[in-house]
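Scrolling down, you'll hit the structures one after another.
Common to both upcoming complexes is chain A, partnered first by chain B, then by chain C.
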Partner chain A sequence: MAEISCDGRTTRDINSEIRRAIAAGDREIVVKDPGARHNLAVAILDPARIRISGSAGYFCGGLIDGPRIEIDESAGWGLAESMMSGEVLVRGSVGNGAAAAMRGGTVVIHGDAAARLGVSMKGGTILVAGNCGYMAGFMGQKGRLVVCGNTGDAFADSLYETACFVGGSIEGLGIDAVIEEPSKDDVAWLDATLSQYLPGVSRRGRDFKKVVAGRKLWNFDKREWKVWQEAL
Partner chain B sequence: MCGIVGFLSTNGDGQAETGRTILGMLRALGCRGPDSAGVALFGAPNDNRFAVRVKLGEGGDLQSKARQIAVHLEALNGASQFSTTGAYARFLVSGETDIKQLADSIESLDKDYEVVSIGRRLEIIKQTGSPENLEKTYCVSHLKGTHGLGHTRLSTESRVDLSHSQPFWSHGFPDLAIVHNGHITNYHQLRRRYEQRGIRFYTENDSEVVAIYLAEQLAKGGSLQEALELMLRDLDGSYSCLAATERQLGFVKDPFALKPLVMTETEQFVAVATEEIAIRAAIAGTYSVREAQVKEVRVWQR
Partner chain C sequence: MSDALETSGTFRPEVIEDIQIKASSGLYRIRGWGTLRERRWATFDDLTFLPCSLTRIPLEGYREKCSTKTLLGTRFAKKPIELDVPVMITGMSWGALSYNAKVALARGARTAGSSNTTGDGGMLMAERENSRTLIYEVLPSRYGINVHHMRMADAIELTIGQGAKPGTGGLLLGSKVSDVIARQRDLPIGVDQRSPARHPDFLGPDDMIIKVEELREATDWQVPIFIKMGASRVFDDVKLAAKAGADVIVVDGMEGGTGASPAILQEHTGIPTLAAVCEARAALEDIGLYGEVQLIIAGGIRDGVDAAKALALGADAIYIGTAALIALNCNRPLFIEDYRALGTEPHHCHHCHTGRCPVGITTQDPELMKRLEIDEGAERIANLLRAMTLEIQMLARACGKSDIHHLEPEDMAALSMEASAVCGIPLAGTRKVFGR
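Moving on, here comes the complex of A and B:
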């Protein structure tokens, strides 16, 4: 196990040391005293386990492909942005734009997420134990977005094929978002996934609403001008 | 960019090291705003008198300028005490004074003079440059108080000088200060409307309108909570905004959540900042921090 202290060091230096430790064969890395500093553990492409023992700032775990990153407290804007694979777990809450444009892997947030969670996600899974803010899931193209608590306004706006699941209440649906019954497979997947990542959540798969695209915005048809007027 | 911070110590008699905490938070946000730095601190009350802080202008013999104002104030209402530090003179005047008249009469003495703050407890100290320089000139870390605000500025549209720096005092309304990160897009429209009613703008900084707006709402008898909620209706653009009065600290986040703002509250203190890095740098201990949600308004009382 490698221990890397952030005190008195540049972020570049810390990230280089994380890479050096992985290259030297370390598979357990603890980053101490992060103090919510930005850009920690970005673009790590190996399956190591990196624990941030405190809060992370902006863009933590962005562009990763393979590692498991655990953050003991909260994370700032752009957590795990565009991640390809791996896992990112946050014990606290996260700022705006968490898991935006992610392509694969799993992001688990034990607290709440702020605005624009998982916008334009292209794959993978996002799990939030608490609530999420405004405009979550906007233009989601693939993957699954699960919010165990309540959502903010404009939830799942202009969706493509991301499947969204909500355990609590939805403050407001976005344009073209529709609620449907989760299938048996959905319920089984939710139960399995929640018991793996968030065993503390009391809601079961059958308690969730499913939100998907109404597909009205997918193709432009001038006879449906009213729909577009409303959307834009 | 810009960095904003707020801190409120929930107990004690105003002897908390609020200046040190706010400076610590500002240092961590120095890179968000290299143009200017400032604080608004609420210290112990001055025996019910108003502390009047006046910017004396760039250069010249500041001591004699301060004396000129002191003589003027003595003729006006028998004010006595004054001191000068850096670019400011500070006067203590009777708590019964009409502060609008007082500020106007000081500012009419010389076009360089600007009353930067008036309050029973409010003191605004700001200048161009880094938080480090602010500390060098004014030793803000030594200031005690119950709560306060801080700002580091990255100017986007208006001039970089002391007057355009933040926090802004709500001219004419005692003990009300704001800091703002963002851009008020209907600023010109609002400004025209206020100017038609004879309200003077001291700067071309769009954030100034926030202070004027909140003063207007509070003068109408609304609470700070209500005033901040009304901002969501009347002010367009991006804003994370902190406001403080003699006994309150509050914030509002705009309807698109375009600007960052995080907060933490414990039994001992409340801290709000643009980035968590500021809170972690200034306050040791275990506490959790979360980002404010869209349109969220909070006010803490003490």
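Moving on, here comes the complex of A and C:
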């Protein structure tokens, strides 16, 4: 196991040392004293386990393909943005745009997520034990977004094919978002996934609402003028 | 003229047609190409070069050395881009353009020692394989975003907006969202895809500083980071982009093209390219970074003359888009019946949005695409880039410059008061800069 301290070092130094450790064969790396520094563990492309022993700033785990990144406390904006595969787990809460544009892998947030969670997500799974802010799931293209608590306003606005699941209340649905009954497969997947990643969450799959696209924004249609007028 | 045939100056025939089309469709009008209206603002045509006579000595126009080497990204990147020519191919998406068009652009740019750029939809592997210098765009939509592709690129371009529609995201109508394009973009087949205007993970210029650092970390600080913007509040925006750490700033003027956009945005948003280059230079000078941060100008650049004037006003390099597509036979009188099927004629077509491009450029239809032969297209692109470069050299030599990058505002005179005021160049026949 490699231990890398952030104290008195540049982000460039820290990320270079993470990469050197992985190249040298270390598969367990602890990044100490992160001090909410931005851009930690960006573009890691190997299946290493990287633990951030504190809070991370913006874009932690951005553009990764393969690693498991664990953040002991909270993370700033753009957590795991555009990640392609791997796992990112946050014990605390996260800022805006978590898992934005993610293409694959799993992001698990034990606390709350701020606004625009999973915006433009293109695949993968997002799990939030707590609540999320406004516009979560905006323009979600593929993948699954699960919020065990409550959502903010404009939830799941302008969706394509992302399936959203909410355990608590929805402050307001976004344009073209519709609630439908989860299927048996959905419930089974939720139960299995929550058991694996968030066993402390008391809600079970049957407790969740499913939100999908109403598909009225997928193609221009003058009969849906009201929807288009209000579309974000 | 008899009263019976008088035309309203307000409700002109095209206005009447526009109202009636919208009354039928219930939707704003969408089309490709770029602004179509008559340019009544100051343009590059309002400037003329002042070649040497007695006050300066010219170089021999056809033979003396005049360097065209272009270096971009010298501020922070370990590997700046070095091009043989100052004219580059701008970002145009695989989706808006056909596979053949993208590969022809890449191959042609490579042949001429220039660069090409990906677009809103990610990188096409054949594009990388056929490029010498490839610029990878990171756009608000992040369609096709792939860190491995990013790390294969020679520069990263963080796109904030484009000249044809600053402040609004891209548009790709369902007729072009084929199964291949839908898979590439993770979208349902056939949707009218509207790209977001904002990046998903940052909003303002302060966040963008961190974003730029992320892109540098992802590429090991090796390659230049470009920041591209539509020309709007250029003086302020350029300073913010420079502050964010850009190696290169791209400013795309309102004459810039697009594959599809609401027509009103193309006609009524942004500022002209001539004004944009002047504001951009002034901004960099204002913060002491002119020459350290390189400037690329885009938006309706047609030939080496426009390019040379932009260089003289402060650009380090030029992007072309529409001109490159015209080189690939856009609007050429071939397959005329197919133009007519779209309700248009060669030289008037702006129907890129339909996906029915008669010459195989802006289409995903395999049969139409075949009309653009890659090798022939690549040769035409290389020829255009070389011809434009020769034109720039011709003007530079006439102005006594042994390097095209030595062209300067003092090499020109303004032909209109507006151009004089915009460029800070005396009006021909006077010693006066209007507005100063």
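Just so it is clear, the second predicted complex is superposed on the first by the 229 of 232 C-alpha atoms of A that agree within 3 Å, B and C clash if a C-alpha of one lies under 4 Å from a C-alpha of the other, contacts with A are read in each partner's own complex, and residues count from 1 in each chain.
Rule of thumb we're sticking to: a residue touches a chain if its C-beta (ideal position, glycine included) is under 8 Å from a C-beta of that chain, and two chains touch if they have at least 3 such contacts.
Please read all numbers here as calculations on a predicted model, not as lab measurements.
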Look at A:170 in the shared chain and tell me whether it touches chain B only, chain C only, both, or neither; answer first, second, both or neither. neither
With the two complexes superposed on chain A, say which partner A:63 touches: chain B (first), chain C (second), both, or neither. second
Give the label of whichever partner, chain B or chain C, reaches more residues of chain A. C
Of the partners chain B and chain C, which touch A:220 in the superposed model: first, second, both, neither? second
Examine A:38 and indicate which partner it touches, taking first as chain B and second as chain C; both and neither are also allowed. both
Let me test your reading of the model: by the given contact rule, A:94 touches which partner, first (chain B), second (chain C), both or neither? first
After superposition on the shared chain, which partner residues are touched by A:127: those of chain B (first), chain C (second), both, or neither? neither
When the two structures are overlaid on chain A, which partner does A:74 contact: first (chain B), second (chain C), both, or neither? first
Contacts of A:114 with chain B and chain C, given as first, second, both or neither: first
Residues on chain A lying within both footprints (that of chain B and that of chain C): 38, 57-58, 77, 96, 116
Which of the residues in chain B end up touching chain A in this complex? 256-257, 260, 262, 275-277, 279-281, 288-295
Help me check something: in the complex, which residues belonging to chain A touch chain C? 11-12, 15, 38-39, 42-43, 45, 57-59, 62-65, 77-78, 81-82, 84, 96-97, 100-101, 103, 116, 119-120, 122-123, 139, 141-142, 160-161, 218-220, 222, 225, 228
Tell me, which parts of chain C touch chain A in their complex? 25-27, 141-143, 145-148, 150-151, 174, 185-188, 190-192, 196, 200-202, 207, 210-211, 213-214, 217-219, 221
Chain B-facing residues of chain A, complex: 35-38, 54-55, 57-58, 73-74, 76-77, 92-96, 111-112, 114-116, 133-135, 152-153
